[in-house]
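Two complexes follow with subunit A in common, the first pairing it with subunit B and the second with subunit C.
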Partner chain A sequence: MKTLNKISLNSALEIFASYAPLYVPAGNETFSGFVRYSTGLEVRLDKNTKLGPKSLLFPRVENLYSYSNHGKDTEISPVPKEIEPTIIFGVRSCDLQAIVCLDDVFLSQTSRGGINDYNYRIRRGNAIIVALGCLEADGDCFCQSMGVDPSEHEQADLQLFDLGESFGVESHTAKGLNLSRLLENSGLLAEKKVAKPRPASFALTVDAQGITHKLQKMFDHSLWDELGAKCLNCGVCTYVCPACHCFDISVCAKDGCNGSTIRHWDSCMFSQYTEMAGGHNPRPGKKEKVRQRFLHKLRYFPERYGKFLCTGCGRCVALCPVNLDITEVIRRVKEAEIDG
Partner chain B sequence: MANSLDPAATADDVKRINALLPVKAKILRITQETPDVKLFSISTLDEQLPFPVSPGQLVMLSVFGMGEAIFAASAGENCLEVAVKRVGILTEALHEAKAGQTMGIRGPYGNGFSLDIFQGRNLLFIAGGIGLAPVRSLIKHVLNHRKDFGHLQLIGGFRSPKDLVFKRELTEIWPVSEDFDVAITVDKAEEDWRGHVGYVPDLVKKLKPQLDETACILCGPPVMLKNTFNVLEELAFSPENIYTTLEMRMKCGIGQCGRCNIGSCYVCLDGPVFSLAQLRALPDEY
Partner chain C sequence: MNQPLIIEMRTIAQKLLAARTVGTIIGWEKGSRWYLTPPAFIHNEDQVDRLYFDRFAVNNLAKYLLDYRDSDEKVAVFVKGCDSRGIIRLIQDNQVKKENIIVIGLPCAGMYDRAKVEDPENPHDLPLLNKCLECRYPNPVYADRLVGEVSVSSESGRPTGTYSGFATAQSVGSRADRRFEAVDTLNNLPSGQKALLWQTYAERCLRCYACRNICPACNCAGCIFDSDRKQWTTKAALQSANSFFLVTRAMHVAERCVECGECERVCPAGIPVMSLNRLVSKEINRLCGAYDAGIELKSSFPLSHFNLAVKVGS
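Right after this comes the complex of A and B.
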């Protein structure tokens, strides 16, 4: 396997950054996320970031088009999108699996119809993903339980393995090979006979086998009353989730005549999410909202796209103010008694 | 550049480029249907049909600076007709708009009624209030292809006599159309009202529509739908022969914004037309 000595990490990042805009994990104990690399920035690879890389492909807020009203007429102009390649460095398997889920939604990789999302398609097509395998699980991580391999992900363009003193480097795609060659040409890569490291065992595990099937019979189960009573509908779970994809489209008016139409993240936890003009709301209460969130992740998404919409990153487990832990929900569902 | 829009771009071009961008359209005509419902005829800027829609399909209308909302649309000759009840911010802005104003339109979204399933059969239409709009687009299609369908019956319910939408069609055109029975009920009558008084499910029960070779098409508020489903099943209609079209809050129209799902179905993509048999297999959440 090709290896990159950790001492040369900064040189490697400089090379990447001169090839394309580079985003790396950075921050502190309180907050960390993927930020644009510049010389001197301290890269944080000890554990996963508080916020995943989702916003680089699906921004928290983005302009769809601007409008300008003149009397009865209006001009609309789409906001041009940058189409330069972007390198996202240090993506963990859970967050990469979440990107695969977003691909399903926004690139409509399903026989059940839909249309490619223009902005997502451009960003995704130009993203080069450098993944970093995990050796140790954080206390809230449970990706293995959700069918994700923490040590590597096949959808990475370039996969890094933590070998202690160095990173193992393996390219999966032409884009990844390009990056690997840049390092090689600068003499940063060596060839070593090493085995791929295997991650240590996880503190948090849950048996999610058969959960989708079981949930198909549990829409009216009393469990949702209990969980709904506990939830505050604060929405932090959906905000930090690397796979939650719901969005709203709103108007951001500059003045009476000019402004833009924006797309921004939304949450199924919020009261107006499904409220219709006139007041009817198919999911009016906390019970219905909580049920929707868990069923979407564990039943509806698997039914539609054949995979969980939870990748076990553990962020919602860590941040929920009332400890509404999805692994606990899965356990309760597995234990629940149902008729028939 | 693939992402710059030619002013002459058609709806299809726009959809290929960016499905969330509306095309510019204009309000060709506005008809005041009832005190709180207006019918908007929407055409391209050069007064052509913005895009074809089939009965039951949806379109997203935007008032620039106010927002967007989803509506059932019916294809006219050179325009799309959209009936809008004034209930919220966007519909209020639409009601304030004048003929000639530029607006945005995108779509069509969803699957309309499967017209071939109805071919050769008797049709029972049941509509509550503004729910008559999508039903009307199907009725218009049926009347344009009258020989392809059997006996027609419409049961319509409205809050009061002044809330009758598409009044001329309801009271003057359809009742004198070939083999077409029309019954109208109002929740609350006024002195000169001579028709039925009461709710739709009760009138359906009373009229006992014929079952043979009949498909039933319903649209209305959820409470009317659910109660009428029960009455139809009591009358021995099978869930496979009962169709409805649902509306949900929608933002994208293409199965991505997340909110219009019933179970794993998105109303915008997999609906808005569902048979009762299909709905019964989904969670009761609409």
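Right after this comes the complex of A and C.
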């Protein structure tokens, strides 16, 4: 396997950054996320970031088009989309699996008789993902239980393995090979005979086998009342989730005639999310909202796309203000008795 | 935390449910980690053994009373000192009917800061949350029942009850006099640096509304941030809109913030939300005289009660 000495990490990042805009994990205990790399920035690779790389492909806010009205005429101008490639460095398997979920949502609709998402397609197509395998689990990680291999992900363009003193480097795609060559040409890569490291087994496990099937019979179960009681209906879980992808479209009016139409994140935890024009809300209470969140992740998404919409990153577990822990929910669902 | 107190809690809960005095008990139970003691809702006598109380029972349960705002169901709720101030605020804001709730006061020896947990597998010595070091009301200021020999008291800085000595030894309230220090430090930054810092915070804000949704002072039936139909603001998490949210939230809880610190605890973006509340509270103290929210049921309010005699100074 090709290896990159960790001492040369900064040189490697400099090379990447001169090739394309580069985003890396950075921050501290209080807050961390993927930020644009510039020389001197301290890259944080000891544990996964508080916020994943989702917003680089599916931004919190984006302009869809701008409009201007002149009397009876309306002029619509598309907002130009950046087409330059972007490197996302240090993506963990859980977050990459979440991107695969986003791909299903935004890019598989043509084959289902729909339309793929233009903005997402452009961003995703131009993203070069450098993944970093995990060797040990953080306190709230359970990706293995959700069918994710923490040590590597096949959808990475370039996969890094932590070998202690160095990173193992393996390219999976042409884009990845391109990056790997950049490093090679600068003499940063060496060829070593090493085995891929295997991760330690995770302390936190949950058995999600058969959960989708079980949930098909649990729409009216009293479990949702119980879980809903303590939920605050804040959006922490959905906004820190690397796989949640709900959005709303609003108008940002500059004045009576001009403005733009924007797309921004929304959350199924919020009342307005399902509020109808006439004021009716089909998910009026906490119970209905909590149920929707877990059913979407564990039942509807697997039914439609054949995989969970939870990749076991553990962020919602770590950050929920009231400890509404999805692994506990899965356990409770498995234990639940169903009438009839 | 001492077992007799928990037994006392379970006993009182069991009696209230058995006598059908209340239909629900809102307390805490052990969560999915040793360092988590989240809210619990007990409806049946056979469930009272779930009730638990330790130094991780940080959630202010007062907020949950809003879920009963439109019902006549009677509920009992366990409170620490800070939580009881939230109850007073909810009663003062006409959000909760006094006769529909039974408030059970607890002694509090301060809550641990779980953010300081280094090894998620093993317990170790943890520091107290800042809000506990800065606490001035360690006793319930309002309660219908009491456990753990605690007294209802709004006397500042003197914990009562079974482990009052322990609370003092743990430095609960030791920084009460210096509670404005953090906000002073932030406020004394050069203006350019200060602006930059808050821009960074505003950029980070996810608009998840955890700070709002956990706050007992945020008890409006509708919130302008839930609707962009009127175009006061946008739902989009733009930095400008986020600044507007952060400032509006702080101004809206002016005179009503009970300093439970929950807003800051739950913020996933690490924004020092309490420092905004403290800034407002410091100004109220400076302009209108000493005032703490949620201490007495019958009190006059420096901002929402108009008093000709008070001249707001410069």
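Note that the second predicted complex is superposed on the first by the 334 of 340 C-alpha atoms of A that agree within 3 Å, B and C clash if a C-alpha of one lies under 4 Å from a C-alpha of the other, contacts with A are read in each partner's own complex, and residues count from 1 in each chain.
By our rule, a contact is a pair of C-beta atoms (placed from the backbone, for glycine too) under 8 Å apart; a residue touches a chain by one contact, two chains touch by 3 or more.
Bear in mind the structure is a predicted one, so any value in this text is a computation, not a measurement.
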Room on subunit A for both subunit B and subunit C (clash or fit): fit
Which of subunit B and subunit C A:Y67 touches, first, second, both or neither: first
First, second, both or neither for A:S250, with subunit B first and subunit C second: both
Which superposed partner A:E154 touches (first subunit B, second subunit C, both, neither): neither
Subunit B or subunit C, by number of subunit A residues touched: B
Which superposed partner A:Y118 touches (first subunit B, second subunit C, both, neither): first
Touched partner set for A:D266, first subunit B, second subunit C, both or neither: both
First, second, both or neither for A:D207, with subunit B first and subunit C second: neither
Partner chain(s) touched by A:V317 [first = subunit B, second = subunit C, both, neither]: second
For subunit A as apex, the angle formed with subunit B and subunit C - C-alpha centres, to the nearest 10 degrees: 90
After fitting on chain A: smallest Cα gap, subunit B-subunit C, Å: 7
Subunit B/subunit C common contact set on subunit A: 248, 250, 253, 266
Residues of subunit A defined as touching subunit C within the complex: 29-31, 50-51, 60-61, 138-140, 203, 226, 229-230, 232-236, 238-240, 248, 250, 252-253, 262, 264-267, 270-272, 286, 317, 319, 321-325, 327-328
In the complex with subunit A, residue positions of subunit C that touch it: 31-33, 36, 38-41, 59, 63-64, 67, 115, 117, 120-121, 204, 206-210, 212-214, 226-228, 231, 234-238, 262, 265-266, 268-270
Sites on subunit B touched by subunit A in the complex: 1, 3-5, 15, 17-22, 24, 26, 62, 64-69, 85, 87-91, 98, 100-104, 221-222, 247-249, 251-252, 254-264, 269-270, 283-286
Complex contact set, residues of subunit A against subunit B: 64-65, 67, 69, 72-74, 76-78, 80-81, 105-106, 108, 112-119, 122, 219, 245-251, 253, 256-257, 259, 261, 263, 266, 268, 273-278, 280, 282-283, 288, 292, 295-296, 299-301, 303-304
